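What follows are several structures.
After this come two complexes, each holding subunit A, first together with subunit B and then together with subunit C.
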Partner chain A sequence: MRQRWPFLIIAFFLFSLTLLASLSVGAKPVPFETVFLTFTSFDTNDYAHAIVWYQRWPRALIAVYVGAVMACAGCVLQGLTRNPLSSPTTLGINSGAAMFVVIASFVFGMNEQAQGYMALAGALFGFFSCLLVVRLVGLSQDPRRLVLILSGALIGMLYLSAANALLLSDPELRSNFLGWLTGNLNHAYAGRLFDYWWIGASALALLFGLARPLTLIVIGEEKAASAGVNVVFVCSLAFMAVAVSAGSAVAICGPLGFVGLIVPHIVRPFVGTSFIFSLPACAVTGATACLLADFVARFAFAPYVVHTGVILDLVGGLVFAWIVKRYYLARNAGSWT
Partner chain B sequence: MALEVVEVLAAYGRVTALRGLSARFAPGRLTAIVGPNGCGKSTLLKTIMGFVPVLKGEIWLNGRAIRSMERRALARQVAYLPQQHYSPDYMTLGELIALAGYARYSYFGGPTERDQGLFRDALAAVGLSDLAHRQVNALSGGQKQRAWIALVLAQDAELVLMDEPVNHLDMKYQYATLELVRDLTAKHGKTVVVVLHDLNLAAAFADDVIMLRDGRAVASGPVTDTINRSNVADVFDVDAEVYSRNGRMVCLPRYAPEQSGPA
Partner chain C sequence: MKIRRALDGKSVLRLRTGLEMRLSNLWACLFLVFAATTLAVMSINVGFTRTGVSDLGHLAAGERLGGAEVFALLDVRMPRILTGFMAGWCVAMAGAMLQALARNPLADPGLFGLSQGSMVTIMVLLALFPTAPRSIIPLTALAGGLLVALTLIWLVRGDRSGGLAILLMGIAIETVLSSVTGILILYTPAETSYALSDWLAGSLFRADWNGIWAFMPWFALSIPAAFVTGRALRSFGLGDDMAMALGEPVPWSRPTFLFVAVLLSSAAVAAVGPLIFLGVMAPHLAGILSPATGRARLFLSGLTGGTLVIAADILTRLVAADVPLQLGLSLSLIGVPLFIIALRLRALRTISNL
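Let's look at the complex of A and B:
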């Protein structure tokens, strides 16, 4: 992979550029200089400083967090399940987390922090229910593991409609969740980022640490075990990290779809399959993708602001169709395994 | 590297696969395991690797019970080529080979100078030195099989277990691949145990052969002493002519269409 380092450098450059742009560009443009001054010498009376510090910076941080976490989660899921369509969205993780948050709020009236921890539990619940369906149907017969994705889609629809049904029950609470449920980057959620960032950070650190054994598992469980990997232990840790970190992202800004599906496909041709490089590349590119989507959401229909989740769903749907065409429908479909 | 399997009983769930199997694998020799479908050939390798639990009996590696060994410690002594493995898109041959040294790396470290040398030697041994930057999926079938053998070689273990390494290869590549396997003992001094489907391939390349049936070893020993008419009949239920030609055992089943119908 000769393009590996150039890709990483360009990806990081683009990331810095998008981050800076998302702080500077907006309904009220703030010059780069003022953006820097906000961080070096914050002036409470300066309106521009306030916009950057209280609105754009938290919003950008949320985008970075969600993008990095979801992209890495998708990358690990696609590798371990050997399925190009795997992602937190398509394996029931996001919808499980969303449903648990809505249940926590509507049924048990829990506060925001408790809702967040319910999201983590819900993410694991969603993932395990997806695996359970797969088990009931029988995965082993299908070399391309379509059953896994179909089960994930089924679980996703089921849990999101359960969440929606609950939303209908309480018109007053509903308005708080309507935007959140489509995936919404909003500076109002900064407090939640402050509460949960350490979850995603430690999950990513764990996944980076497991990069080598995880890559070995991609070439075969028995091969990995014979090379010295404790496959069950490493897989359990990785799946936990993926579900919990994706759950924390859902807790912050709702089930933001498809970053986890798209980004690994962008990254892999440049940096290869090895998680040692694909995980950092996914983290940076995922963050950039989320910042860009947020950019589009803010400007495409100005003066109206669309939810970032809507933009990502639109793009994601198209990419999903492309992946299906490339890996499943084409006459000489790209080999995945 | 002495490997000894003593009266091992092993089962997948409720299906017993090995029924008190005993076998000795002589160090520095190439041993072929042959037998009819479902006789426990692959299971024997998987049991040695600890993928199938041993219910009774013991497997000894240099006087140590294999089940008491930790995965990484075992990987430093035993390399295994499973029947099924995957080559993901966008993985280069060089990256694949570098995975082999995992058991020697520290938890957060990577390959050392010595490891890099081993990887180069492994690729050179299978004649793929020039293709380290090529994607594994862009290799031909025969090259791919050589890549997997290089992976086993790069693990730098004394004992090498291979589960049907020449399946799905045409005749030319079957012989070329088994010549490489032969080199593992002849040139690299490794102890090799290989599961083969074809008795004639086993006869052509192996030093020793172990013939399995119904989870037990029916016959074992040097190829010339073990592959004979009565053993072939006992193990495969086939009446075959077995003769030596140019110092190589050949097994030719008698085929009588009017008696048995098309096989």
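Let's look at the complex of A and C:
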């Protein structure tokens, strides 16, 4: 893995470039100097400053947060479940969180703060119901673990249609939630980012801290145990961190799918399976991917702005098909560890 | 007409023309027809306007009724029931055919993305050529469904993973297509867009007599299709080699039957939108009623599908009196748990093959 450091450096460079571009390019282009001036000496009367500070900066921050959190979650899930299709979307985590937020708002009339904590509970609930279905179906012995993904997809459909059915009960609230439910980056959600950023940050910190034992577990559970790792404890801690951080991202901008599926596959060929390197690489690349998707959503269909979730679904579905083809249908398939 | 015993000791009804039917299948069929009729009567009685079957009887006898009652009966409830039954019949039959063709008990036009394909092409048509005549919509739907079917076949050729990978591939195609619809919804004018998103979720709200007449030929086609394909589908279940040994011209009959299945599913999509899970649910439920094969399985599946849609429609109208809960949503709320049970049953049977 000689490409580790070059990859990290290039990824970071690309990230700063996209971040800068997403702040300066738009319906009203803002030159780079003005962007820098916004952060050094903010002028409340300047229109360009206001655009950057109140619209593009929060939007970019949300994209960075969601991208980093989802990509790391996907990376850890793919490693621990030993399945190339694992991600917060495909294991029911996102849809569980989304359903709980809708329930919190429509059934119990909770405020935004409480909805966020319900999202965390929902993420865990979604993940556990996916595991429960796998157990119920009774194919957990299947060596290629297709059933895990199939259960996740079914759970996802079930919870999202439940959420949609609930949405219908209140047409006025519905219009607020409809955009959110497809996964939408919007500067209006900046307040939620301010409320929940610490959840994702501490979960990521925990995962970075667990990087070494987690890598050992991926190499082999028995080997890890003989090296002094408490496998069950570390695994459950990591799963909790993943679910909670993905739940916080859903609480901010809805179930933004497939970053968690795609990014680890981009990163892995360069960085390898060691979490010590792949987690930071995933975080940076995930943030870049989200910013790029947001870029496409803003400009590809101008003058309309598409929801970012739609763009990510489009790319994600294609990658999903490619992974199924590559790992499950090829002649020499099944050699994924 | 005589009652004979089949080789396995079950009673068989033999018509003078040589057509044989198992009595158990016949009983199941009668039961389903009874259930469908009962549900249809219930469905006529349920609703905001207080009217029902008795009023329908008065109307048939030539009595005059209030405008609201006539409207509720003839323009709202009857078309809903008829469209729902026909769409459910077609989707379920398409599902049963696909299951035999793919040799996969979990095949479903919705899960394989065929319905989504039909939908996307219809939306492209409506977005790009809003003035196109309505009669070509089913043909467009057919083109889309076929395109997805061919893509799917191309993508999973040489599948060797017990048929689960093909489902994942179908889900992938579905995701891509649904994001395409998301983008298309933006481009259509606001009014069309709202109507489209209603129809996207599967809805009987727009059912009317014109739609029924447009749908009728496709529905009628399904009956001879079931007679022709039924026997062959049974031999497909034994594998291609065995089917050919039994005299089935597999190389041309397989694509033809696939065409018929896609045709039925896209006709239903054009009428009411996608009904995901119905195609896998109905044949399994029919199988519980009576473990039929061949033609009987197709007909029983179709009846079950139609009955289920009528039931789901009653449910949506009872639960959500003032909000339009879409039919597709309520079907997936019922469908997913049933699908998980089907997976479980399959696991019990085939765990050694995986």
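Everything below uses one rule, namely that the second predicted complex is superposed on the first by the 334 of 337 C-alpha atoms of A that agree within 3 Å, B and C clash if a C-alpha of one lies under 4 Å from a C-alpha of the other, contacts with A are read in each partner's own complex, and residues count from 1 in each chain.
Just so we're on the same page, a residue touches a chain if its C-beta (ideal position, glycine included) is under 8 Å from a C-beta of that chain, and two chains touch if they have at least 3 such contacts.
Small disclaimer: the values here were computed from a predicted structure and weren't measured.
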Handout entry: Touched partner set for A:A162, first subunit B, second subunit C, both or neither
Key = second
Practice task
Report for A:V147: first if it touches subunit B alone, second if subunit C alone, otherwise both or neither.
Solution key: second
Handout entry: Partner chain in contact with A:K325 - subunit B first, subunit C second, else both or neither
Key = second
Fill in the blank from the handout: In this superposition, the partner of subunit A with more touched residues, subunit B or subunit C, is C
Problem - First, second, both or neither for A:V310, with subunit B first and subunit C second - result: second
Handout entry: subunit A-facing residues of subunit C, complex
Key = 155-156, 158-161, 164-165, 167-169, 171-180, 182-183, 186-187, 201, 276, 320, 323-326, 329-330, 332-333, 336-337, 339-340, 343-344, 347-348, 351, 354
Exercise for the section: Show which residues of subunit A lie in contact with subunit B when the two form their complex. Expected result: 1-2, 79, 82, 209, 212-213, 215-216, 218-220, 222-223, 225-230, 268-269, 272-274, 334-337
Exercise for the section: Quick one: which bits of subunit A touch subunit C in the complex? Just the residue numbers, please. Expected result: 85, 133, 136-139, 141-144, 146-147, 149-151, 153-155, 157-158, 161-162, 164-165, 168-169, 171, 182, 257, 301, 304, 306-307, 310-311, 313-314, 316-318, 320-321, 324-325, 328-329, 331, 333
Handout entry: Of all residues in subunit B, those that touch subunit A in their complex
Key = 46, 49-51, 71-72, 74-76, 78-82, 84-92, 95-96, 99-100, 102-103, 105, 107-108, 110, 133, 137, 151, 155
